[in-house]
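Which chain is which? They are A, B, C and D, in the order written, and residues in each are numbered from 1.
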Amino acid sequence: MTAQPGRRPQESAAASDPQSDALAPEIERLVRDSFDKQGLMRHLGATMVEVRPGEIRIRMPFKPELTQQHGFFHAGGTSAIADTAGGYAGLTVFPPGSAVLTVEFKLNLIAPAKGEALLAVGRVLKSGRTLTVCQLEVFAEQAQALVPVAVGQQTLICLNESGTKISS
Amino acid sequence: MTAQPGRRPQESAAASDPQSDALAPEIERLVRDSFDKQGLMRHLGATMVEVRPGEIRIRMPFKPELTQQHGFFHAGGTSAIADTAGGYAGLTVFPPGSAVLTVEFKLNLIAPAKGEALLAVGRVLKSGRTLTVCQLEVFAEQAQALVPVAVGQQTLICLNESGTKISS
Amino acid sequence: MTAQPGRRPQESAAASDPQSDALAPEIERLVRDSFDKQGLMRHLGATMVEVRPGEIRIRMPFKPELTQQHGFFHAGGTSAIADTAGGYAGLTVFPPGSAVLTVEFKLNLIAPAKGEALLAVGRVLKSGRTLTVCQLEVFAEQAQALVPVAVGQQTLICLNESGTKISS
Amino acid sequence: MTAQPGRRPQESAAASDPQSDALAPEIERLVRDSFDKQGLMRHLGATMVEVRPGEIRIRMPFKPELTQQHGFFHAGGTSAIADTAGGYAGLTVFPPGSAVLTVEFKLNLIAPAKGEALLAVGRVLKSGRTLTVCQLEVFAEQAQALVPVAVGQQTLICLNESGTKISS
């Protein structure tokens, strides 16, 4: 058996490829430029803190403008950075000139989202020509620990160079 | 056969109960007061435009602070109002003194979210003692039409009167 | 406003089109022939009881070979007929010569699946060139009533005439 | 920071606890006895090949009774063993006397399910008093390799000792 059941397929692959941390500078620039155009991320105070092949991390510090009725982070903000992290993780593995759209995502909220900041991690699980599946995780920074607050799964579609929308 | 397959169960039920549009004023006040405490909804410019038994509508006008990289509404905003609409739809059918938490939700983004505003509709499909399932829909206001841009499904948990968190 | 928020988009569309019940006989034949090739549906005792444009119903009578540990229908069987109903609902609206694959689905189990039979209804909510989204519902036949036991949402991909798999 | 973002929380925990492989024999017996009562698993030819704390593996060899229209494993069978693996993974971490019900699950089908057998792995990501979230993975055995064919996420509810259904 060449794969290890019980580990995320992408993790196995990544582990066997020491080159996988090297992302072409032009792709990183493209990803960061696109992120900077997202009015919502700026409005929420979210920043892209790590860009790697097939993996993106976005951090969003706490502020009262991000709360739900109990004063914790609102699940809407959690979703926003999780979806964005997954989308750009997909874009890092798409052919040059591609664009990305979220087809759907699902998120389980597993603990109260309270802390100094949230950190969303999007990671490609399976990359295909048309569709790509990502794993989504969100952690809350509490004192010196990262506490998992949400886990999810996302489907992305790769749009071709001409910018033609191929999904509908 | 007393139910109509192929129609949402809750719709059948609602259709047979002309009383179902009458929500106790104290519940509506409780729902609106809770919504007003959500810093994120205010920050996004979202308002609760309709409160009915088992159904909530939230509207969010377009502004540049809500965009993704192509200038449309960001899926994070779409998710935020969809999740909130479903959560409060659930709260309208919970026993007095209850609180609501989202367990998980899933959203399909079926068309570009562009228009003057988004309208999220959350509707209870099945209400249980502990768990409640809602249908989520988001429409874009384009000229005089409402165009469906997202559909989803959400699981809520009802917290008891003492405020004890019973989910974990 | 031309659409009715709070109703499933496809329902609105269907309601305005009295022709929508007429499915070309060759498409119905194609759908039924494909269904008949599914070894699993035969093994489970499931039959396709209705084929309409954008909507398929599959029925599966109770037998001990379909149970979980408490003697009710196993969620695996519920999922199998729900997924199949949605997939063929999609196929009815695809261009001639297309094939269908399930990209993903999500199912909420809202009541114990007990009764004489299960009836799964798959209905197209949004049909696109590449991706199609379906609503899934499963009812249990209990005495003279149909009791909703599961609701879900599904994403399908349309494969082109040459049979080329375009998803990965 | 004590947790490692970008790894599944449960994996981190498991890695740091060499005791975690030891499951009380009475719990293993309870899990296996319950599995053996599932008529569907027997009908599909599925067996429970591994029982560990918070992790269950179920294997289902290929047979024509499990196919979809192209002769591969039907997604319904894939779902059935994935859901079952997750459910029993949850049961291993529940208090003695508990029962388990699936609240909902979501599955992405990421590759054609063809091979000599399918192997489903269910693993607890987050265990709570009422709700538990599991990761689902299904691999196809192809020659000497395990190829990932499906990934998913599942929510379970723990029923209390008296067998009272607390979800609805």
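Following the convention adopted for this analysis, contacts are C-beta pairs under 8 Å (C-beta built on N, C-alpha and C of every residue); 3 or more make two chains touch, one makes a residue touch a chain.
Keep in mind that what you see is a predicted model, and the values were worked out from it rather than measured.
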Chain pair showing more contacts of the two, A-D and A-C: A-D
Furthest chain, CA centroid comparison against subunit C: A
Where subunit A and subunit D are represented by their mean Cα positions, the distance between them in whole Å: 25
Subunit A and subunit C, separation of their C-alpha mean positions in angstrom: 31
For subunit A, residues contacting two or more additional chains: 103-104, 106, 108, 110-111, 126, 128, 133, 155, 168
Residues on subunit D engaged by subunit C in the complex (per definition of touch): 34-35, 37-44, 63-70, 74-77, 79-81, 83-84, 101-112, 165, 168
Subunit D - residues contacting subunit B, complex: 103-104, 106, 126-131, 133, 153, 155, 157, 166-168
Residue numbers on subunit D that touch subunit A, as the complex places them: 1-9, 11, 55, 57, 106, 108, 110-111, 119, 121, 123, 125-126, 128, 133, 135, 137, 139, 144-148, 151-153, 155
